[in-house]
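Chains: A, B, C and D, in written order; residue numbering restarts at 1 for each.
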């Protein structure tokens, strides 16, 4: 059991290191240019957004259609924090400043997660969905009218702290943390609410607390994603965080498979890269995108991976097993 | 006082259009528990067909309305058949994503066909201002509100009094039981889409006449507001949608008039949230307890 | 098994996409072609502005190429859609720079997208000439960024001066689009100058960017009964406002800014006898203007709006600078731009130390029987 | 002291009285049957005892502490745990995960320890795994530990639900028609198991059944309800001969 865990840790760590090394070499040798690096950074941010939304939508099983709102809170609050630090003339290494930004973005968004989650999580399904849309819109309208963050004209002069190196590792860390969260007693309790709320209560799970916890965790990581976004774009506009952006994230999660983290990652990559690939057909790209969406849902309604996770360890095991089987194939199935 | 009455009329005008569109959301939701995100686009296409009918074919006004409503009824049924029916037994969220997909598709189709710049809807009704005890009501407002109310009453009668209407209610109560009673569920669902889409188209035409323009993204905001109206009234309940529509229209106008124009949308959402927190299934919604 | 095929095909798709993207970068840049990028919204709600500007720019490129290009080299204009979205704009810009290796950029078209790209553009030292981004910050602390249009506050001032001096107005109401920096910026300048000129702002109403129902605001304005109602916004918003105001019997004179360009096409009746500030007048006797309009109409059948005119001028200015620089090096082009002076469709364009147009004339247009009539010219 | 005591609990839905002044006292280690025809109000009583419904009037106490107004999960913590008539398992989770969720309150690590997987996390998770596996083995379900609940045979699902209820370490275990849908062999085996766990965990068991014969064999005391009212209470032998019970079951 433990041996297996260790092996799987090792394989995954090695794979991540390899992946990073690959990109590092490609970037250093200028095989891939800044344009591509930019897309990769956006992909990483979208992966964080999708993973965090998956906590509410996938683990908790609630229809949350206002994720862009938490992202906006994280983006704006972190940007204000780093601006204040820079304006105050406090010198600190950029990685430290980025950590401050992440912490502020995550915490502020998390606090709003508690504030919004506590009253609204009594609602279910579509009603919860509409209320989350409502909150996200209120947040957006707030930033449009709020002078200190530049209002509709946008917030300028945010330090650009995010590059591929740090965003890659932050994404890996966030992914791992959300994964371990899902496999802890807290994650299990949240998943049990999705499965059957009444049974979950009757099994002694304090459902209200765990619903709010799930919602807050999602908000926290969304705020983190927002902080990354703010310090990558270096400019924020409230219109970015409109209703359609929340929907876009929700689509990513459902398409990847509700509750499947690896599915969310895969789906975030495909859905961020795909529209860029279609740039040549700019007029038709949303048409193609929406058609693919419909076709995908009709033929695979549970999303790419359903609820299962893609396991590299199992994948490798299977590959090896297959080879072994082939080498001993004269003996038939074993 | 006059100013207040004037604003009340303004609110009634917007509200009646929201109500018409909200009915489509609520009927579809009632019967297949799907938020038909594409309904706003149905409304938009309805407006475009009316625009084409009015500018290219010079049809009389009643024919413009009828053409648009019939075409959209057919389109609504087609959408259900192609995109939603295969997902009838799939997880509800998949159906929701499909609806979002259809919405994006229709929007971009319209963008491709009609281009982004807004078309100006010709005035379909003779321009006249009526004076009613000091307040002014334009003929457009009067006809909009009147048509909306007439169609809502017709729909209500249809659902309550006819055999097909009863079938609709039966399917929305309990699909399996309805099948056992010999009701053709597929046909009933198609009929629901047809009716909902026709009313959505009507709302679209009235909207474009009242606000002059037709453009590919015109369905988004009224669609969202109407959806809110449907939820506010208690989604799945037709009179609830009407009530919700009028309330949203009224709140929006009154907020703009007396509180703040910049915060109007935020206030509409805040009211919705507050109502739902105290009455989680909407104003006319029944509290259903899950059976244990 | 089925599942494996599915996931394998997904992985294959991903890998493929990585290689397509990476592969694109090796596109060759021929010496015979000078590539200039264009960024603006070509789809979505704001598509009309990006499309107009890019059409104007393309027209200029075609004309220049026909006349022999720049020292025998042809210009290629590569236009990308920003969808009026920051992230899209940045991706488009990155792609222009890395994939297409453009030597200069015309764009962005809107202020928001331009500001989003600004830091990158400054860091890259990319010669940028925005035809239409009017927000003040676009050119601040950005020696490589220039613009062809005058600024929001510049035309707001001009409009206020015209209202006081030429129309003799004493009272005005504002109708402002919140969430639209353009509308907010122009009306703020108008308010300041109009008040300084001795006028009174009797009321200030606002609406959101997606609003279509203005009856509540107009009902209030009607009660205030001002001489002037200042509505600096784009045609798609102003048109319905004017129509609704006419329906409600509001008699005040409506005024606006360059966003009104095109109002005469669909809203002629409602806009009758109203005024707006613009970059050029289509009925100007200037030969330059007339030949531009004819050429544009031949190509695109419609009358060019000011976005098209500014896009057209921007390409000419940029071409002049590249020619003068004698190279496609960024620094050379930027230096040349600072010294360029161009007599264009939208007036005389030379840049001040910020890269903004210096003493550009503001044209006041009157809408009369579905025609845009040149009223006067104001220089602040 | 009694483990659980309900006094005059009444439940009204609108104008309808589903349960009328029901009284119940459960002593430690008792095995009590609650029987009655379909629709007699047995499940409603259960729902009140477990906090799913709040009684219109009346008091319910667990070891002298009132549970009125408490949430089901708080009542579980106080020592009353239940199963459902129509099985409510976490269908997409494995058997052992189902049990672990109910074991939740005995796993002691916080959010950060769980996310960063500290030593505490591993040791607590191991403890949970072992304890829950033991529970499954009591029901002979060890081999099914990693099977998704929805893929289990019907009889195993019933047993898993009981195992899950036991994982909360209750003082009172309330079983809502545990043998529903089982064949006679499975039922007999289940009754044996119930008897066994009562002894092993030293708990009180309250059992709903509408089939009278089933409970006769194992219950020490039986309460019969009809139309929301208690019509008889006593030992199996007494109940068997009670004329009211016979009338309720056979009709007039």
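Operating definition for what follows: contacts are C-beta pairs under 8 Å (C-beta built on N, C-alpha and C of every residue); 3 or more make two chains touch, one makes a residue touch a chain.
What you see is a predicted model; the values in this text were computed from it and never measured.
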item	value
Remotest chain, chain C as reference, centres from CA atoms	D
Centre-most chain, if every chain is reduced to its averaged C-alpha atoms	A
Inter-centroid spacing, chain C versus chain A (mean Cα positions, whole Å)	36
Centre-to-centre distance between chain B and chain A (centres being mean Cα positions), rounded to whole Å	34
Whole-Å gap separating chain B and chain D, where each centre is the average of the chain's CA atoms	48
Interchain centroid distance [CA atoms averaged], chain A/chain D, Å	40
Sites on chain A at which at least two other chains make contact	141, 144-145, 198, 283, 286
Set of chain D residues in contact with two or more other chains	52, 84
Shared-contact residues (touching 2 or more other chains) in chain C	43, 178-179, 208
Sites on chain A touched by chain C in the complex	26, 31-36, 38-39, 42, 141, 144-145, 151-154, 156, 160, 233-235, 237-240, 266, 269-270, 273-274, 276-277, 279, 282-283, 286, 300, 304-305, 310
Chain A-facing residues of chain C, complex	6-7, 10, 13-14, 17-18, 20-22, 25, 42-43, 80-81, 84-87, 90-92, 94-95, 97-99, 111-112, 115-116, 118-119, 135, 137, 178-181, 184-185, 208-209
In the complex with chain A, residue positions of chain D that touch it	50, 52, 71-74, 76-77, 81-82, 84, 88-93, 97, 100-102, 104-105, 107, 109, 111, 114-117, 121, 124-125, 128, 164-165, 167-168
Residue ranges of chain A in contact with chain B within the complex	57, 63, 119-120, 122-124, 126-127, 129-131, 133-135, 137-138, 141-142, 144-145, 198, 243, 247, 250-251, 254-255, 258, 283-284, 286-287, 289-291, 293-294, 297-298, 301-303
Residues on chain B engaged by chain C in the complex (per definition of touch)	3, 6-7, 10, 13-14, 108, 111, 115-120, 127, 129, 136, 138, 140, 207, 210-213, 215, 217-218, 220-222, 252-254, 256-257, 261-262, 264-265
